[in-house]
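As structure tokens, here come the structures.
Here come two complexes built around chain A, the first alongside chain B, the second alongside chain C.
After this line comes the complex of A and B, so read on.
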């Protein structure tokens, strides 16, 4: 770089940028340990009480604000989220991988159509897809609940798995597969012994991505969840709309840690591709 | 024989995805378009008559009979477009220098910084917005800190303004701008930049004549990817904008969950979808599909 002052200016901007990205998150994490009972943004003492209280343990701080019934709802929402995320991940990983294998290992006339079709759910605004699914389910008498949430998530998660697995397939050449076929292996053996081991990191990466997006989805789930089946993000959104409570800090911190772990794993698997 | 078996395998691989997306992706979108042309019933349902005033209502003509011209929905629509465009400008101004900065780092730092910039993207939307609610509230972090430092004398109220909505939207959509920009800046041929300096250009000229033109595809991709989710957003204006900064997404949500005018809500939703299609078509015509289908 010819102009050192330019470099320094960029360095400064870069640090500001990282500050903008991480400061809000760090603030929430730090203040989730704050024991101030009235103003949660004025630091008083270090405490674990908010964490205890979200799991239903009575503590000194939250006797007035305690809402025991919420703990059951919270745990039910977590259970729903995990159930939905694991089901949708399994389904969309299989279907997304199969479609990617079809599109990137075969030649057929409708190929551009499929590339477009699988690209669409990813750019479709959440609210449009959520509304469309709601109208569809109600119009055809499908009961809103866990089943409709699972269907709704799969419509866009298949695309994410498709994109990750396709990237892997596009990056490897098919000479090994042809060699395997030439040596007399049938297509199934070729797939299991040659193709699958090579694309496995892509499949695992795609599955983790699908899992985390399903766990985090708010907008689409919000429209198609029905009354008695909320997921964790919808539950927190409802809590936030009623008012900000210190317990949300603690829940948010736990979710942050969870997302960071899964995302790191996912990016690790994608890096290996 | 081999060809026949091959086509049978292709059929088996394609069928599950085709059937599922056909029924549960294209099907719902088609039903939504149909609903947008139906007459809203008196008590929330729909009448199966062709009715185009759902679209007229967006522009201000409610039903052509007894309701007066009222551009309130058109205003909300244009506010949404204005805020979405502003958000594109903000994220571009934040991310372009940041992407330049990252591309100038050493290889190991580069991978690491891209990783930590992407990481918050995987955190739930509601959690990331909650962070900003805590910061921007009158009793929130920003206000308390400034009060504590004695810089202001009474709590400042940023939440429930357009500024708050823009901060929130920029925050949640940053990666959509950063990643395409970074991808195109990374591909930049540095010998061109060197050549420009050797020929006596100053940094400003070099940027305008060399760096900017060759990173236009990244700018276009980032702008489209930020504009689309900004336009239809309803969570950010709901949590940070309150009732004062209604956007088209809030309007859609109201039509479905409280006003129960599903045809009008569908028509609004179709409008968002049309804007999206228009942008994608322009993008593909201008930039080419190779950039999008990576």
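After this line comes the complex of A and C, so read on.
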């Protein structure tokens, strides 16, 4: 880098990029503490009231603004989301990991083709998947509700887990399993003591990814959620359609913190091994 | 076991193994191989890469099944017995240490799997580590060890179960030269102390000669020769063995003249005096090792053969000097004369003619009787 001004330009470019990515998010976080009840883009005072409000605590602001969104509904949506996310995570982690192991171990005709089929749901447009699932459920008489959401999420989250665990398996030294067998360990012990510890970062990473995506999915869920099975993203979308309310900033900030925690956990597990 | 023939620790009988070749067709990795290794022996499978030596090892450890034939360990056929039920252990080429376990966890793995009590396990792990010179390394992770130390951990892990047979798959190939040589001697003495049979796979003939009691030379899925290193070196059974083991010039041709004064005549007309034994008209290959050759005296007697050559260059090898010469037919031949007779060589300048002589009885002749 011969010209110092060129270097400074590059620094500036880097900062500009970060601003571009993070400015909207920072604004949401900052305004979640803004006490202006009507126009949330005008800064008034610092307040925690929106946070209190979303958890059903009556506040002064709350009474003033009268954004009648029932807290019960919100909490139910959060509960639904957590239930869906944890169930799909558990299921897709187990199935995705098992699939990855099977594909890793066995050689069969048209293997690349089947691998392609397993990748597909990841790149399938959400809207197509959503419509397809809706048509499928309706045709087969499956009631739309939490159950249909869980099935719907699993269809593509298995792919995510499969891909992450497969990558980990591909990086594993396959003589390790042989060494274990050579030392007298039967296949189950070998799996538990050698294979599993080796691919655990992949499994955890895949599970966290699945959890975040499931928590956060709007498009597919929107199609296949029943009337009384609203998840958090669908609920927020519904709120937005009736106008942007300050509580949304608070909810978004909480979701952001939650996602950060999950992502940090993932990084921590990856680093540790 | 005096008197009766000793029971072989491992036996391979008429083993055949074929693989589909990547470019289509079939590769025969093991072509009807039979061999035995005895209790307390250091046996080596020697051959170039792709000769089937690793496949043979893996059929004994149980990671490959034979297409036909049989493997017996301790007299018991092990066809269909999975690796984890075979009384053999392996030192893998890349060591295959468990990266998530410390040294003690790696070494004690076999005992833990076998359900040995913790206190007993700790004691034996300590012993095994001491044996390989790694006391005090219990808590290290494999990634914190040097290549040589990893090698020792792999060794300790493999001997702790007291296998009947220890299989070693080119375990020294990743080490640098100095370390490799000292490990060769250590392995040899370890094998002697433990008294268990080692079956060692290598493509390095020097390694095989240094360590083995018995060397099994493999080429293209077939056994070329089985024997102690001295026999392989001095009396190779086939041209392949002669070329693969040790240095030397090979001459292929037909025997002429009488039985009393046989001469090997090569296709390009070189006449080389050989020792008595072969019949006239036999096809034969003569192996002249560098140490057989010296400068011919003024008037060589009948017990000597003489080759006219031109000195090309002298190569300093430390303990010896190697004189590279070229024969009339263009073939290169090397001489490493003993120090006493080196005087005569030193006077010859590169480019000058030189008469090389050898005792007719010394070079080995492989006769392919017609």
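As a convention for this text, the second predicted complex is superposed on the first by the 254 of 273 C-alpha atoms of A that agree within 3 Å, B and C clash if a C-alpha of one lies under 4 Å from a C-alpha of the other, contacts with A are read in each partner's own complex, and residues count from 1 in each chain.
The rule we apply is simple: a residue touches a chain if its C-beta (ideal position, glycine included) is under 8 Å from a C-beta of that chain, and two chains touch if they have at least 3 such contacts.
The shown structure was predicted, so the numbers you read here are calculated from the model rather than taken from an experiment.
Asks: Clash or fit: how do chain B and chain C relate after the overlay on chain A?
Replies: fit
Asks: Per the contact definition in the header, classify A:176: touching chain B only (first), chain C only (second), both, or neither.
Replies: Once the two structures are laid over each other on A, A:176 reaches chain C alone.
Asks: Look at A:3 in the shared chain and tell me whether it touches chain B only, chain C only, both, or neither; answer first, second, both or neither.
Replies: first
Asks: To the nearest 10 degrees, give me the chain B-chain A-chain C angle using C-alpha centres.
Replies: So the angle at the centre of chain A is 90 degrees.
Asks: Check whether chain B or chain C contacts more residues of chain A in the superposed model.
Replies: Looking at chain B versus chain C, the one contacting more residues of chain A is B.
Asks: Touching A:185, do we find chain B (first), chain C (second), both, or neither?
Replies: second
Asks: For A:197, using the defined touch cut-off, is the partner it touches chain B, chain C, both, or neither? Pick first, second, both or neither.
Replies: A:197 sits against chain C, while chain B stays out of touch.
Asks: Just checking: does A:227 make contact with chain B only, chain C only, both, or neither of them? Give me first, second, both or neither.
Replies: Neither partner.
Asks: After the superposition, pull out the minimum Cα separation from chain B to chain C in whole angstrom, please.
Replies: In this superposition, no C-alpha atom of chain B lies closer than 6 Å to one of chain C.
Asks: What is the shared patch of chain A, the residues that chain B and chain C both contact?
Replies: Dual-contact residues (chain A): 187.
Asks: What residues of chain A sit close enough to touch chain C in their complex?
Replies: Its residues touching chain C are 173, 175-176, 178-187, 189-190, 193-194, 197-198, 273.
Asks: Where on chain A is chain B touching in the complex?
Replies: Going by the criterion above, the answer is residues 1-3, 6-7, 10-11, 13-14, 17-18, 20-22, 24-25, 27-28, 31, 39-42, 94-96, 98-99, 101-102, 106, 108, 114-115, 117-121, 123-129, 131-136, 139, 151-152, 154-155, 158, 162-163, 167, 187, 212, 215-216, 218-219, 223, 232-233, 236-237, 240-241, 244, 248-249, 252, 255-256, 259-260, 262-264, 266-267.
Asks: Can you check the complex and tell me which residues of chain C touch chain A?
Replies: 61-63, 82-85, 88-90, 92, 94, 96-100, 109-110, 113-114, 157-158, 161
Asks: Show which residues of chain B lie in contact with chain A when the two form their complex.
Replies: 5-6, 9-10, 13-14, 16-17, 20-21, 24-29, 31-32, 35, 94-95, 97-98, 100-102, 104, 113, 115-128, 130-135, 137, 139-141, 144, 148, 171, 174, 197, 203, 225, 228-229, 231-235, 238-239, 249, 252-253, 256, 262, 265-266, 269, 272-273, 276, 280, 292-294
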